[in-house]
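Dropping the structure in here first, questions after.
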């Protein structure tokens, strides 16, 4: 029996396709990664169906590429060597919301927009990255270690337990879910604790771009949606002037969302989705704005905001800063809007904020320590200039992690994907910026696309061990082969 | 016990004669290790190592492992030797004592410390506190090595905010059993840069440990960075003379509040509400036995007083919840958090009392081993991680089970253990402690082992998450089949990186010490040598 | 043998390897650099040189599973018996490593293997000459300064000790002058004073130690003294703790009070009889001698059984170092004008041993000097002190040796010398 027929037997004819037009959608995404076409797309709806697909793939040595989101931004889900796109978007249930333990169990197809709505009804929120695309899979975001906006949660990781189909063909649950998930199933286990059984298998699936297995669901942390908030904006001319402030805020552990954006990124976030509006907003904004949202906890909310605000102002005084503001001139209501923006998926009816300026964005991001961030800003913007890319058009976002012990440093290169010469320029600019940043100490913990070719050769021990581990878990190398170092 | 003369000479040429010994007295002192429920069984079964070696650098460790592979000699890495898992189980072992590698560097700004395997938590904490930072001292005491404990356990109440040890590992330098060096996290790109731990893509810290680690069964970590956290340590005042040493706490910045309840359910409910309110730095219950341990002048006075008071304790069933408040943002935060605590307790109930402004237990936990004091041995019949409600249910079942084995276990009441909140209320930990005399009557220890096995089976029956997943005993063989045969998967991985099977064999699968398990151990036959 | 291993076998078996025995109390640990408390393990590194490893060796000795060798004797004897491990172990786990360590030496002697040759040489001198230096014991009182005349009969007896009698006579002289300055009438035993026998006991030579005890106790009794003052911490601890232990009685049964010189002088200070009128302008730090500090709590004789859970029947008092004589010397130093007293990180019950005691100075001088050098480093780095003040001639002697060997600028004094300066007398 041919592969397609077998797939039909597993998921039904409506859920299998080899139509070139359909396959084309999976062959590329919003990144600069080169397109590659899969052979099939299959849309399973249960773990058992996925298991059978995995078994089939092993029998026939067919690559499998899991895809959960309706939108891909990094190239991680582009099939390198053909194969079957395992499209999990039909597995889109919010399976359970555990208010007591503040977790939610979700399937891979659950989007940010969907989850936000489901949780808001009960007074909760997920842990958002910045400007989450409404169609992006929440599970994938957490699995791929997208940074959350709130550094107060020192333990940082929102992912808890999971159910995963191993490439060797078995369904396995990680963490306490191995014993049970509660939810009226009769188990004492509630499936909260992420570690084990034995080793931290979940870490092997994290950041893996689908090379280690296919998740069927995950428990993730959720938080109480604060009812009382106060946003602060601190404008700066230079990113470097904001760094010490961020360190001290981290030491005092105040506030919820804390992030530093340059003018164009903040403009894009605040805009109505048009290039013109972004240009207008740029004119109103400082080169850099530090945003801190102080939120009340369920008990004595206003009092918490009060002491946090006092602390913030004290820190500012210590640093001889007098720029703590609760609004942005010319933008009435921005202090409420920003809270909505940071705690919502991007509205579906608005052009995605990274695409509003020129069409798409190629993002270069890595981890570093906050004191080094200004150095990277200088380096990357100078490289942009070398490629005749206006420095003022380079988006920049610095996200403190875990009370500021490190930060996510991101650069957005906006460009028109329909303009071939722009595409070529961005590819060259991105490659050069990536290389230079690496030389300066950027840590690409999530090496998408060409970044993998930069980082793995430098990490011979790690690469060797990763390959050997993969060989045990995926001996036939069916999971997204050609990705990362595989 | 001996190894080939050629192998010994090769090892000696690596470290020099001063740092290697096959002297019988030296080897005798590396035979048993310390904590462990199977410790007395080791009297008969533990073997002396063939020699003990003290490397001073990663390069020396690497070369030692190369020699061991060449001559097919088993090795065991040793931190403080606080657990019996580092006692030799096969003949002719090289015990590698890592105490010389006591490198310690703190990046104060970015809040992490990079340490060698010889550094203990107390040393790290001492250096942290004067910098306004802190690490979490685990329940087993701050005499444990930072790396050894991060790799194998690492549970303590400050995890409420700091996360468990496996979450605190950053960059790592790791010598695999065959002598190859792997660096994890940011160190994989720059071997001087330890600031971050996540992988290049998939995170190989997941192979380094999970709920527990390899206990030396997959090579040796020679350097690790660990997260540090803000803490007003400079405000602590050291006071007292042994045994009454402790920190005087500055009440405007650090405070314990104790709340008493007549049941564990009420205590747990308060913990839930407080964690939702996002206050505190540590949130836990503590058993009354510990108060008696702490106040007892001697074993005799403990037993006399404890057994005298036990009937009333059983009747009143007091349970104590504790929360530590820390004003990281200063006095106003303390005032706020204290108001919140009083508000919450006012609503949910509880007899609230301010703790003494003194801490000897949880910042640099000086009295951790008082739990050994009453009987000579303490072990954790239940070691459970999940959510607090799961922990509480299991704790109640475990309390019943403990009574079944009392005596020989020392009598207790209520929930004879502690609960901790983790990750601000998202996860929790429960440990049911048992105290007994492991030496006077060998049958006591045997009964205790039987109780342990029954406790593990209880987890399976109740479908609770058994936390005893490392091979301190036969638990992996019991729970493994129910948890996706994780123990066999571990073994598979180990065979790849330790083809000669020399890294603390027979980790990760250990013997059952003469207990009739009535389980099928045949899947492990292929690993028997 | 004095110690019955069966009483302490339970301790050896129930060591849980917490390693507290190696480290400064975790509360008081203030730095990585000065975090250790066991000089033996800190220098030799292998666990056979720490109490936890020695427990294992003791069990092997008791069960005849290990043969004697030079290395084994080193493992047994390369330790000052400074009591740090005892204090640490008793703090939490309630075990008494000191008794096991002492037993090991007694067993080695009993088996004809111990003590070390150097210890035997000293023991021979004591046996022949009643002092550890092999000198004429009839000249034991020759240190007396011309202007000090001991009383024929007094309530107070000054037990001088071998070191101050023969080697560092200036310490005995300073002590005597200070006693006189406070108006204290005191006796001395003169040639009737034998070596206290501290090292005899600590190296396992119990019988010879008993002989010294019997003699000295009779001499003290015959003198009618109500209070015996020792200026040497070893003599002090021997009289107060070891003699009752050896004789099977309690400190309270001795029939006289034993005080260290600092305790007595602190009493005089509080009573207004000791006045410091001359500034001593110096920045100093104080070394707590082990046998004056943590090892000096009174001995209570106990007989009984050990049962389940390691419980003693009848209950046995534990000596945890809580009530060591830490404060008297501090009170004195803090009262001296011009003296700036800075504390080292490891102090009082957590003091780092100078390295001289327990027979180490004689048999393992490299360990003794190393230990002293460690303490000197601590004094330099953590206090900036110009001098280390101690209250035991052996501490001072060992520090002096280390200072000379390391060409250090720091000085060392006995507290009596500083007090003498402070009362306006240098000689």
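Each chain carries a letter (A, B and C) given by its place in the written order, and its residues are counted from 1.
Going forward, a contact is a pair of C-beta atoms (placed from the backbone, for glycine too) under 8 Å apart; a residue touches a chain by one contact, two chains touch by 3 or more.
Predicted model, so just to flag it, every value in this text is computed and none were measured.
Student: Kindly work out which chain lies most centrally, taking the average of its C-alpha atoms as its position.
Tutor: Nearest to the common C-alpha centre lies chain B.
Student: In terms of C-beta pairs in contact, which two chains are most connected?
Tutor: A-B
Student: State, to the nearest whole Å, the distance from the C-alpha centre of subunit A to the C-alpha centre of subunit C.
Tutor: Measuring from centre to centre gives 65 Å for this pair.
Student: Using the average of all C-alpha atoms in each chain as its centre, how far is it in Å between subunit A and subunit B?
Tutor: 33
Student: Suppose each chain is reduced to the average of its Cα coordinates; what separation in Å results between subunit B and subunit C?
Tutor: 37
Student: Residues of subunit C touching subunit B in their complex?
Tutor: Its residues touching subunit B are 10, 13-20, 22-32, 35, 45-48, 50, 52-54, 56-57, 60, 65-67, 69, 71-72, 75, 87-88, 90-94, 294, 307-313, 315-318, 320-322, 324, 326, 348-350.
Student: Under the stated contact criterion, what part of subunit A meets subunit B in this complex?
Tutor: Checking each residue of subunit A against subunit B gives 98, 100-103, 145, 153-157, 160, 170, 172-173, 175-176, 178-180, 182, 186-209, 211-212, 221, 224, 247, 250-254, 297-300, 303-304, 306-308, 310-311, 367-371, 402-406, 438, 441, 443-447, 452, 455-456, 458-459, 461-466, 468-472, 484-485.
Student: Could you pull out which subunit B residues touch subunit A in their complex?
Tutor: 107, 109-112, 132, 161-164, 166-167, 176, 180-186, 188-190, 193, 195-196, 198-212, 227-230, 272, 276-279, 328-330, 332-333, 335-336, 339-340, 343-344, 385-390, 393-394, 397, 423-428, 459, 462-467, 469, 476, 479-480, 482-484, 486-487, 489-490, 492-493, 496-497, 508
Student: Within the complex, which stretch of subunit B touches subunit C?
Tutor: Those in contact with subunit C are residues 19, 21, 23-26, 28-35, 40, 43, 52, 54, 80-83, 97, 99-100, 102, 104, 119-120, 122-127, 130, 141-143, 238-247, 297-301, 303, 360, 364-370, 372-377, 410, 437-441.
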